[in-house]
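Next come two complexes, and both contain subunit A; in the first it sits with subunit B, in the second with subunit C.
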Partner chain A sequence: MARVLDDILFVALLVLVAVIAAFLIFPLIVAVLMAFDARTYLGTFPPHGFSFQWFYRFFNDEMYMRGLKTSLLVATISTFASAIIGVTAAIALVHTRSRARQALEAIFLSPLIVPTVVIGFALLLFFSRIGLFIGFTRLLCGHIIITVPYTIRVTLAGLVGIPKSISEAALSLGASDWRAFWTVTLPLARTNIFAGTIFAFVFSMDDVSVSLFLSSVDTYTLPVAMVGMMQSQFDLSIAAAAVFLMVVMTTLMLAIDKIFGVNKILVGK
Partner chain B sequence: MTRILREKSQRLLLLLPPLVVFSVLLILPLGNVVDQSFRVFEGGSIGAAADAHLTLLNYSELIRPTYLFYFIQTFRIGFVGSVLAVTLAFPIAYLIARMRSQFWRGIASGALIALISVSTLVRVYALLLAFGPVGYGNQLSAILGLGQNSAAYTEMVVLAGLVYFHTPISALVLIGTIQGLNSELIEAAQSLGASRWKSHLSITIPLCLPGISAAFLISFTVCVSAFVIPLILGKGKVLFVSNLIYNRFSEVANYPSGSAISVVLLSITLFFVVIVPWLFTRLTAASSG
Partner chain C sequence: MNVLELRDVVKRFGPLTAVNGVSLSVQKGSIISLLGPSGCGKTTLLRIIAGFEHPDEGLVFLGSKNVNGKRPYERNVGLLFQDYALFPHMTVGKNVAYGLHQRGFREPQVKKRTDEMLDLVGMREFANRRPQTLSGGQRQRVALGRALASNPELILLDEPLSALDAKLRLELRTELKRILVTAGSTAVIVTHDQEEAMTFGERVIVMEKGQIRQEGSPTQIYDDPKTRFVAEFIGRSNWFCGTLGQKIGEFREFLCSQMKTTLIREPDQVNHKMYDVCIRPERILTRGSKSKDLNDGDEPLNTINGTIKDVIYLGSDFELIIALDGAAEMTAIEKNRRQSIPNRGEAVTIAFRPSDMIVIGRD
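Moving on, here comes the complex of A and B:
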């Protein structure tokens, strides 16, 4: 009797999970399918016919392309800067005594805790006060501070995993500190540095909150352009933009997951 | 001796770039916000004048019912959203953690990660389509007995958005917790005659409570400072505290007031991220010995 009840409950669990999974997946299916709608106006789901017209419009729209170009530039440069800052910070941290290290780590990871809207608002006020009005530089600075915690965290995780004895062996064989680091430690932490860098890139491309504060009339990122579109007109070129972003970002994230494990970065263990 | 000295100066040299970046791009701007939040608002310029008078007005006006309403709304929707997210996440996590085949477990958690990695804005837009007139907005609002443009339906959509974002993350947190359980305890209960579902209710769920509360705390903290979800799905009818900060900047250009709201939101977040976990560990340490 108990076994029958168990089986019934197990089937109920399966059904429940299937319903939740449908809730999680269905909206994305709607967005992806609508991006290929052949109607020239915004009709109801499901789409009628198949066409690339919204993609054509996306790739030929000046606003989207301007945003995409800025996004790619900001993401590339800020990721590069974050990677360098992250690596230097992580190396300094592994060699620091535990109490100072805890305090420094708390500071370095704090942008993950401060709400991004607060970071964006604070930077906007601060840049205006010190007279920094160049849109691109503003965006770049904002993206560095929100991505650098990830490069620090992931690089640090890699450096902690390297036994001290390996670099000590290099030192006792006569290598200088610098050489031991450059030829022994750094190559061993390479995977983590790489994973942290891709993650920073994805995070920069994804940001809305900070960019919305720091964008100007002629310098804005792709997500900011998309938010503008969503609020002013409801046109399926946004769906095409969404599919484009989805393909690029999901490929990158699955690549990091293969190399490193995304849940380690997100959950922190 | 010289070696130790050299290492120390090298370390300081390495710490210099991150410390400069964090001072200029985080600590100084946040300090400036705290300073601005106590200044008298004068229209027309970005930020109060350097010699503006000090005031508590920016904070005291937040206690007025109009502002208090937004704080309560944020907490209410955020609370319901994270409770629902953790509730929906538990069965998913349980099923994945207990899968026998490592291959399918990999596929299932890979699917969760793929879902999380879809750009925030893309997911918000997908929800906007699916719950709007293009998708099933007409039918859903009719079933709920609400007008499609009513504030109540908009609130439901914002809530669905929070649940949508936090269910997969909570599931990832919970998978670790459930996998870490000692399965011998459950087997022992079953061998002593408990049915499977009864052993789960009396053993699995209580043992998972720390993980469940961690998942809830993470998602509640993030929900309370949610910005993009209410910005797009709320359509101006449902505003969270974050949206108020943005409106202070984009609509009324009242920076001292925006600063005060930022300080309050930051304090709330720090309370849940630092103080609550600290209290929690003290309490569990006290109760276990």
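Moving on, here comes the complex of A and C:
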């Protein structure tokens, strides 16, 4: 009797997992297929015929391209900045006493918990108060704030995974603290630092809510451009833009997984 | 000449006193063992010598220089870790060369010295391998080569064999000792394993609760422990409690309610009220295993009658649990030489020498 119940529960679990997976994947499949629709208007699913017209329109639209350019620029610079901030903060954290460390870690990682809409709104108020109205700078600051937790987290996982005895061995062999860090600790955490920056880049490219608040008339990111397009002229170029973003992100994530293994980075083993 | 000298070293961690007034010195070319249970302060002491911890009180001298407050890299002390602590992103050769580079050796010298060290520890053919591809024993040998490369004044070994399985531990024990002796190193080894302590150490220092309880050669520590803690920590023992009786010749009578009166060696002090007396299991002979072997001197033997309660076969040894007339119980250990061993329930006579009795006065 207990066995039958177990079997039923197991099958039910499988079905549940399958339904959830389908629910996650199906909208993506619709978007991807529709992006290649040959009709010139937004028709119903499934698409009729095959064409690259929406991609052509995406790559030739001034608004999209401006957004893409800003997105790439913001993502690159903010990733670079948050890598430096994240690595420095992570190093400081591993050398801090445990209680202070927990508090500091919570503060550093708070952007992960606070809703991005709240961060976006708060930053908008703050920047207005201090009189910062340059769109690009505002976007950059916002993106550094939302990406820093990722670089800290992933670098920290890497640093914590290095046994203390390894840097002590370097010290006992005559290396100063700085040399020990440079020749032993940093090379061992390299993989994680690199992975953290890729995560940061992906999240910066992907962000909508913070960017929405901080964009100005002439400086906006690609996702913001997509939102704008959706409100003004709802057509399938949005699907094409989505597919483009998806391909870039997936490639980057697969690259991390292929080279380092996402589990290894997050768990620090 | 003393390579290391500690004077009244105290180290506290919050309310806990990890090291409580330790003084010791290590002469050039000698190897000493710091032995004690976990939490006795031996590892803290090692970390103080290496420079990872700084003492709250007391002085640390390396050679003739006071090194209080000096960073680890300002001392020339090699260190061997329990987990080997090899650099996983470097080859075996690079690992060994690391210290030489950090200490400013020139490239040709580094190359020469690295090869010498790899030969010494028998790892030359693995020079281009990564540490991860080596076995635990091989890794520890590389670590020893790395620690010895820049010719440290002193080498510290922190439980170097405890991560290895039992059989390999025995092999590597003799191997590490051979390498240390060949290199003429002065060494301090920290361990909780008494056999390890005795293999390495010409001198063994037993620690408990942050203090040195006894210091001496392995023989002194084993055969003449000064406190009950030392006697119990090293080897096995059968304990009896009682009072002293008459002095008979060079020996002394021991009166114990649990067994008949025996002769013991004369204690250093006879003014304690009660005495704890112990006998090591392997110093007890049961009749049938030629008790006349014991009579190599003029020493009178203690003999007690009893019955075998249990016989435990351990392969190389027999462990005999004997119920004595008078309620006490003793454990005796005999080497398995395929001699006839009494059966359970059999009446036996056990014999032991008065001079084998360890006598400790109760405070």
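The rule is short, and it goes like this: the second predicted complex is superposed on the first by the 235 of 269 C-alpha atoms of A that agree within 3 Å, B and C clash if a C-alpha of one lies under 4 Å from a C-alpha of the other, contacts with A are read in each partner's own complex, and residues count from 1 in each chain.
Quick note on the criterion: a contact is a pair of C-beta atoms (placed from the backbone, for glycine too) under 8 Å apart; a residue touches a chain by one contact, two chains touch by 3 or more.
Everything numeric here is computed off the predicted structure, so don't read it as measured data.
Engineer: Looking at A:I77, would you say it contacts subunit B, subunit C, both, or neither? Reply first, second, both or neither.
Structural biologist: neither
Engineer: Should A:L186 be classified as contacting the first partner (subunit B), the second (subunit C), both, or neither?
Structural biologist: Touch status of A:L186: no partner.
Engineer: With the two complexes superposed on chain A, say which partner A:M63 touches: subunit B (first), subunit C (second), both, or neither.
Structural biologist: After superposing on A, A:M63 lies clear of both subunit B and subunit C.
Engineer: Under the stated touch criterion, name the partner, subunit B or subunit C, that contacts more residues in subunit A.
Structural biologist: With both complexes superposed on chain A, more residues of subunit A are touched by B.
Engineer: Determine, under the contact definition given at the top, whether A:A122 touches first (subunit B), second (subunit C), both, or neither.
Structural biologist: first
Engineer: Taking the superposition on A as described, I'd like to know which of subunit B and subunit C A:F45 touches: first, second, both or neither.
Structural biologist: After superposing on A, A:F45 lies in contact with subunit B but is clear of subunit C.
Engineer: Contact-wise, after the overlay, does A:L109 reach subunit B, subunit C, both or neither (first, second, both, neither)?
Structural biologist: A:L109 sits against neither subunit B nor subunit C.
Engineer: A:A255 in the overlay: touching subunit B, subunit C, both, or neither? Say first, second, both or neither.
Structural biologist: neither
Engineer: Which residues would you name on subunit A as touching subunit B in one complex and subunit C in the other?
Structural biologist: 177
Engineer: Which of the residues in subunit A come into contact with subunit C in the complex?
Structural biologist: Subunit A residues touching subunit C: 163, 165-166, 168-177, 179, 183-184, 187-188.
Engineer: Which positions of subunit C touch subunit A when the two form their complex?
Structural biologist: These residues of subunit C touch subunit A: 50-52, 71-73, 76-79, 81-83, 85-89, 98-99, 102-103, 143, 146-147, 150.
Engineer: Within the complex, which stretch of subunit A touches subunit B?
Structural biologist: 2-3, 5-6, 9-10, 13-14, 16-17, 20-21, 23-28, 30-31, 34, 42-45, 84-86, 88-89, 91-92, 95-96, 104, 107-108, 110-111, 113-119, 121-126, 128-129, 141-142, 144-145, 148, 152, 177, 202, 205-206, 208-209, 212-213, 223, 226-227, 230-231, 238-239, 242, 245-246, 249-250, 252-254, 257, 262-263, 266-267, 269
Engineer: For subunit B, which residues are in contact with subunit A within the complex?
Structural biologist: Its residues touching subunit A are 6-7, 10-12, 14-15, 17-18, 21-22, 25-30, 32-33, 36, 46-47, 88, 91-92, 94-95, 109-110, 113-123, 125-131, 133-136, 164, 167-169, 172-173, 176, 195-197, 225, 227-228, 231-232, 242, 245-246, 249, 255, 258-259, 262, 265-266, 269-270, 273.
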